[in-house]
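First chain A sits with chain B, and in the next complex the same chain sits with chain C.
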Partner chain A sequence: MHISDGIIDANISIVANVVSVGLIYVSGKNTSVQEIPKMGMMGAALFIASLIHFPMAGTSVHLGLFGIAGIILGKRAFPAVFTAVLFQSLIFQHGGLFSVGINSLNMGAGAFAAWMAWRMKILPDPVRAVLAGLLGVLIPVLLMSVEFQLSGYGRGILYLFSVYLVVAVIEGAISFSAVRFMQKVKPELLT
Partner chain B sequence: MKHSFIDKYGNLESPLHRLDPRIKLAGAFSFIFIIVSEPRGVVCPFIFYSLIIAGLLLISRIPPRFVFSRCLIVSPFILISAIFFPLSAMLSGDFQGFSAYQEEYRSALTIVLKAFSSIILLTLLISTEKFHNLLMALRKLKMPRLLGIISALMYRYIFILTDEAMRTTMARDSRTPGRLNMSKFKVYGNQSAMIFLRSMDRSQIIYNSMLSRGFTGEFPVMQKFPLKGKDFIFPVIFIFILLAIRLTNSDIYCFIF
Partner chain C sequence: MRINQILKTMKKLIPLLCLFLFSISSGIAAHGIHFETGFHSPAVTVRAYFSRTAPLADATVRVYAPGEETPYQSGRTDRDGYFAFLPVTAGNWTLTVDDGMGHADKIIVSITGGFLANDEPAVLPGDTMQERLHETPAVQEPRHFPLGYRVLLGLALIFGITGIIYAVKANQELKKIIKGN
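Take a look at the complex of A and B:
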């Protein structure tokens, strides 16, 4: 799911890097002392989750946990997602260094959509949790499809992304069980 | 517990290891930027880029097998993306025979060359420096302050999470020897959540103790990294050569080879 350098049009990557820096400032504005370790730990969890790969349809996919990041961190998710993507790029070369902006925007949008879904209080908690997990994967995949289209790839690449529908369902299930567990053990973590 | 999966070759001795981390970081970013900015379908300059990368790899003393294994891990996504480039062109519109898509083949080749060149450069960057020095370099290069704090904490929390994962796995194995009678999904799901919550508690305790010792968001480093004028000579020449390759008409390289 991480875009390596050279895959996407360079101009799109430049714009994404600039927008990401702006978003870090906007979403990190007035961060309280209590929020910082939470952001660091969520970033570490996103990083570790990406190391657990499982084979699917000839390629390998991994968990993202962007839905859970959105639920726990809310609007503060973006700086944590950006740092996790930067670490993944530097340490394991999952995604390029020049593409950190575009990868963070894709995954940060997933976390943001998950937060929005979690805020829909009219829905029951389990539905909101599953929806957050699903959107945490589907929104990044949707954005990636648009970016690939803008970079001149044909529609064929969209078939590849359909693999992530299965991942989205798994993430939805994980998000559901994680939220249920946290509501029992540590409800104050849920924003 | 000891973990060395991050900067395994950071302790080797080579001229690249001795370079200032800020220069390495800026150099790697500039090199990647120059490579990525090459137009699609332009292949010949990559002969020079590859020679330079091979030279850097040789100087760094990083085992080529390690670099190859890193490339191998990320190769499926890159290769699939590249294959889809001509494939999509073939599938959309009338198929005119395989030889009619030369431009698409060249574009796919540049995608592969750009992606693998950047991956090797990133592997070189992380393998020629200790990771905490790279983080320090990012902070010195004016990374947003919040990101500087999060990245420094995250680097420590990764090990806490790994430790907690090992401990809880050991505890689970000792309580449930042999096969699990319960649903695996439930057991592993609860274990993951438990790892996360325990790590969260520990991270809060660590952060509170940092605050009580006067932490203000700055990380004082004992190791000084003074930058002198002569430190810039090598990177400036290096970037100048790369820019010369990038800005020269690419047909000349095809003519040379």
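Take a look at the complex of A and C:
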């Protein structure tokens, strides 16, 4: 899910980096002191999540936890996503350093979609939680596959979607469990 | 009072911490694409892998000669993630590797005139190209800190930055309260 340097056009990468910095400002503006530890913890969880990977359909797929990030942090998710992606690139060489912007935008969009799904109060909590987990994977995969397709890489959007649908279901189950757990022990953690 | 609240929140987050520890202990490995390059004149081998035990098998490889935009050669990695090609000119050869499922990367292999001039046979009598490439000691081992250290480094940096931002914000709020009084 992490795009390496040299895959996407350099101009697009520059624009994505600039947009990311702008989004960090917009998303992190007026953050309260109480929200900062939550953002740090979530950033650390996202940083670790990509290391939990498993083989599938001849490749290797990993968890993202962007659904949970959207549920817990809401509009504050983007700085946490950016921090996690930046350190994954710097420390694990997971995704290119120059591509941190585009990777953050892809994954941040997943967290944002998850937050939107979680805000649909007309749906029961378990449905919202699973939907958030699913969207947290499928939106980044959709964006990434379109970017790959435009750059002449990948085996097509439908193929990628079918592979990552399994990961999305796993993330949906994780989001469901996490939400149930937090509702019991600390409901105010949820946005 | 505020410190007590934070400590209480931290206690509730212990399960998340347990998830980190479980992750660290459950055989995780960095997921990005890594390369090993081997030079066996006149052939160059490149191995693409996610981790030591997870090669990038059956991935599409395109080889671009120095300064060229159309591929000089294309093919697929074998089940162990290996690919070999025979460069014909000195310069920077670019290889793109794409498994078709969201993992793609590039590597630049520098070929010198000396490498091209070396007439060492790539295949010795009695063995096969595949065996030689896989057994050769010339393949470079990546020099990284162990993964556990890197995980701890990343966590330390993230928590450190969080702590600094928290301290700055808390200080700003404290100043506002003092001014208000």
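Quick note on the criterion: the second predicted complex is superposed on the first by the 182 of 191 C-alpha atoms of A that agree within 3 Å, B and C clash if a C-alpha of one lies under 4 Å from a C-alpha of the other, contacts with A are read in each partner's own complex, and residues count from 1 in each chain.
FYI, a contact is a pair of C-beta atoms (placed from the backbone, for glycine too) under 8 Å apart; a residue touches a chain by one contact, two chains touch by 3 or more.
Everything numeric here is computed off the predicted structure, so don't read it as measured data.
Once chain A is used to superpose the two complexes, chain B occupies space that clashes with chain C.
When the shared chain is aligned, chain B comes close enough to touch A:L97, but chain C does not.
Looking at the shared chain after the overlay, A:V141 reaches chain C, while chain B stays out of its contact range. By the touch criterion defined above, A:Y25 lies against chain B but remains apart from chain C after alignment on the C-alpha atoms of chain A. Once chain A of one complex is fitted onto chain A of the other, the partner contacts of A:S50 are limited to chain C, with no touch recorded for chain B. In the superposed model, A:D5 makes contact with both chain B and chain C. When the two complexes are overlaid on their common chain A, residue A:N17 makes contact with neither chain B nor chain C.
Once the two structures sit on top of each other via chain A, chain B runs into chain C at 150-158, and not at any other stretch of 78-86, 114-122 or 150-158. The intersection of chain A residues touching chain B with those touching chain C, taken from the two complexes, comprises 2, 4-7, 31, 33, 36-37, 39-41, 43-45, 47-48, 58-60, 83-84, 87, 91-94, 148, 153-155, 160, 181, 185-186, 189.
Residues of chain C that touch chain A in their complex: 6, 9-10, 12-13, 15-16, 19-20, 23-24, 26, 28-34, 50, 54, 56-58, 96, 98-106, 147, 150-151, 153-155, 157-159, 161-163, 165-166, 169-170, 173.
Across the complex, chain B is touched by residues 2, 4-7, 10, 13, 21, 24-25, 28, 31, 33, 36-41, 43-45, 47-48, 58-60, 79-80, 82-84, 86-87, 89-94, 96-98, 148, 152-157, 160, 174, 177-178, 181-182, 185-186, 189 of chain A.
Residues 1-7, 31-33, 36-37, 39-41, 43-45, 47-53, 55, 57-62, 83-84, 87-88, 91-95, 141, 144-145, 148, 153-155, 159-160, 163-164, 181, 185-186, 189 of chain A are the ones touching chain C in the complex. For chain B in complex with chain A, the touching residues are 6, 28-29, 32-33, 35-37, 40, 70, 73-74, 76-78, 80-81, 84-85, 87-89, 91-92, 107, 110-111, 113-115, 117-119, 122-123, 125-126, 131, 134, 144, 146-147, 149-151, 153-155, 157-158, 160-162, 165, 185-186, 189-190, 192-193, 196-197, 199-200, 203-204, 206-207, 211.
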